[in-house]
């Protein structure tokens, strides 16, 4: 069976695993601080060209989103996201569980538009009394987005400008950041992201780790007593080494970026294969998630050999499906896929 | 440096690590269900002699406590625990964060006393109107307790009787369960615990895993849509394999129980060493956490070679300190410790 | 100055006030139960032709919405409302504060459409795994709606059918119920509403009381320990007599319904006046909130004599404005208004 | 039947009622700001000799406690109270519902002791790592306390000193403040309380109002967007006039203080009567709540004519009972009571 349904079907990259093996019997202190978390933080600060970055490692994406959003917002504030945003739709209400509203704006090609945020925020600064409404306190963007699209540097800067004009934080969910950065269509580097956003996370779970996300506060703006609030959310890992060692490995010799490049090379090959076979795009994604239109009869046949994600019903005879590449995708996988298309 | 400060200074047991290595490149589905979680569940059901047990794997103890307690309680209910209970004191308010009060009863030798629970619960069933008070909906016990003590079968059954008389759940926090079960002073088996309690967790983080706890609902009483609520709490691991593989290894060939036995053998040797050297007990613990009284001058000297936990100031010249054994403690470690005492 | 900005600018109806005066020095028990709350409940049960109705009095609308929604939903559920719904936009996130998401559907003429709810709910019962999404557990409708429109009996029944097919509660916010019931365009009686919905509230604050809403559980479905949860929300009034006495007065001699009729007669006169003066409708509302288009120059002039609510900017020269009638509106008020138009 | 069970069995003082009658048909804006709230605030500022005080009116005590505590605390902080504190025991978990822990210290004669707070707070500033514990962020005192006792000026100042040394707020719950201020045993004035505390509330519900508490932020420290957070808690009254008018009346011609004096004169007479009849004190309370020991046979007999609160079982033949005086207690009430003793 071929696995293209998502980018987290395998464990971790062999180099990451090796570091876990090598360090396994060392005695290390519990929780968030040990020599590996500290080394990993230093490497990430360098990669981001952001010496003052404050970094915290968490186990997963929804957990990271919930912790960042709920600790950076004031109680009367909500977070702005598109109607497709992961926090808006696929986190089982984790943001609302923390007491905050997700203020939806329409997705344009999967993305938040600066103009929409400005329009929303501006009304809170005008003559009208909005004291019975939820104040926008943060903008959430995912990069790549839920439909695989990417923000340009100009787009992200425009959103940041609006955020800072209206006292909102800009938060970037980088669950698949490694893949976005490696896209040939991207003009954003990790340094740009560290400079433009207020806080973002570097996704490990989908990019080479068995679990783990590196949360980066870029403006010396980690909330006071953040570790206590993480503990309060049940999100403080007892053996923080598991996260520190992995990120230390991922940021050694540019491994994280190389894993992104592999996925993107494979994504481009996959696109060429589907194009060659005459399939149409459902979304035209520049990153590792690819969306194609399948005839239902073909879809059934293919499902006997390949696992992919049924994305959306298009009409009674067609369905859109998602195929993901990852750090682990090989040319052999793609050749095998090609044979079934 | 010798490490006796806690039972989670090392990674995972080599056999557990080996299973992670062996399965690393397999393609597995995300989240809570895969062949390893299913295999581990089956083995745990057998070990507990509880074929109907519903099992869920989580990353850590505070997370597990928060998820169990908040999903099993009605909104108007609180959880009863001793004033030393982990949920009462060392989880940064994780239970209150979920909206529930911890109703404290005094610790007797670290333990909840059935009589105290009965006294508390009975008032809610009498003539008085308690509608302005928090109803006791669950009793939380840890086994071993925070001071290393163990419930007898009779004590646990007495608490269970009161719980069921007053419609409360009995929940056992087994962060160190493996060590408690292996104590020569214990008359409780894992089957007993599954039979007596309504829900408990088998601690992995402190007993051979790099992370992970196996939550066991013993009475076909897992809350509806539990997985959605876990997701909502930010506690659903994307690569559930990490937990499934480890618990599958821990429950193969009784490894979990053997790890407990090692810690207990080493704890007894440690006790003999301290006794031989003339130290006094602070608490007389039958499990892997041992508490001794140190003269402050000795404590300083020892701290140059051994890491231990300062537990409590006794007087201006004496301090109580905690020394833990674990699955990883060796005779060599103890010999080295002896030389410094 | 004339006051048409809303329907809560005055205190309470003189007959309601008289009952407060008459009972003021009586000794009555605290909180929710006294002879007046019990008498008021009995009268409401009769008015609703719903002998099994369970009734609870609360101080205000947002408080009532928050208490009903958060106590009737399971933790993993959200409430469906239109994007204009009061709970979605004008309660400062009170629903999210209680941990639940508001699942928005588009407003059609201010109303929820049964088809939209069905489409949303049905996906949770199909093949797809929605365990990472918020389940719809309740539908919230306001009647009259935020734009003054009214559900027909057929529309409300269609929504109820979908709700019950998919195990959702149907909740009707009747902040202005008295006005809706008295509208000549309405085919819904209070008995119909009690029969069709699972829970609704009869608004007092906007219809003759100085404060207070009567929450009616129509299907013997008041959550267990509701009074304790109300207390927990800080919403249990110490002197419940204040609510009981007022509702007892409002449901004596059909006062509540007569107050509705006055507002509706005055609303129709107001419509005739605006029509006669050549104004256009912004929304064509059949209830006591009326929406007209004003030229900005006229709006400024009018604002010197009349208080009304600026609703929405239409274009650079025109603004929509809201004018409300109420139980207290007199023919003299309307004549005076006419003179300024 | 005579009513001594609590101090809230009647409506409001006639002068307060008269102001509600006089203003009933005036048109006033909704929510928290109108001419009467503003006038009442100004009078309270003067009474407190605190020109910068920020004042907000709320409906009830638990609501006020929940709103103050949850908006002034950081998410990682809890509130310190005695084990008898209203917030600790009789608010159905309203503080925990808002996500915060109540950190209990022992009650000494019903009161918080400065030394206990210091001991608790100091540990968070020492060498130990308390990052897994709930930080004390506020001290809650009630004055009079739940057992009728009163803080001396020196005691309150000592607590304030500790609070400010350790960055905690001092909050005083004045549900019965009027009675405490009028006690001949009290050396605290309302100006003292405004000066010493950071925030306190002046109880109206129990001292002459039909509902309402005046929350006073004394140090220009009202949380930003407080009105929005109050709305979010469901606690913003639509017709704020109800609270403004009442407090305006209560703070006209020292009515509030005179009501306190009446209750205290009657309490002293009541004490004399009970003493004369040979009853013993359960607590020796200097305020309007009086606690006596009754023989059970006498208690039964008395209960046929007098309503009082059974406080605590003392032994099989004796019960402690609470008898309250209030603004409404008359000499005739006491004579009648005397006849039954």
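By letter and in written order, the chains are A, B, C and D; residue numbering begins at 1 in each of them.
Operating definition for what follows: contacts are C-beta pairs under 8 Å (C-beta built on N, C-alpha and C of every residue); 3 or more make two chains touch, one makes a residue touch a chain.
Note that the structure is predicted; figures quoted are calculated from it, not measured.
Visitor: From chain A, what is the lowest number of touch steps before chain C is reached?
Guide: The fewest steps needed to get from chain A to chain C is 1.
Visitor: If you tally the C-beta contacts, which comes out ahead, C-D or A-D?
Guide: If we tally the contacting C-beta pairs, C-D comes out ahead.
Visitor: Please tell me the distance, in whole Å, between the geometric centres of chain B and chain D computed from their C-alpha atoms.
Guide: Result: the chain centres lie 42 Å from each other.
Visitor: CA centre of chain A versus CA centre of chain D: separation in Å?
Guide: One centre to the other, that is 50 Å.
Visitor: Between chain C and chain D, tell me the centre distance in angstrom, where each centre is the average of that chain's C-alpha atoms.
Guide: From the centre of chain C to the centre of chain D is 34 Å.
Visitor: Could you list the positions in chain D whose residues touch two or more of the other chains?
Guide: Residues 75-76, 91-93, 97, 99, 131-133, 228-229, 231-232, 236.
Visitor: Which residues of chain B touch chain D in their complex?
Guide: 75-76, 78, 89-93, 95-97, 99-102, 104, 131-134
Visitor: What part of chain C is in contact with chain D in the complex they form?
Guide: Within the complex, chain C contacts chain D at residues 1, 3, 6, 8-12, 14, 17, 20-21, 23-30, 59-67, 91-94, 97, 205-206, 210-211, 228-229, 231-239, 241-242, 307, 328.
Visitor: Which positions of chain C touch chain B when the two form their complex?
Guide: 70-71, 74-76, 99, 131-133, 135, 224-225, 227-229, 231-232, 236
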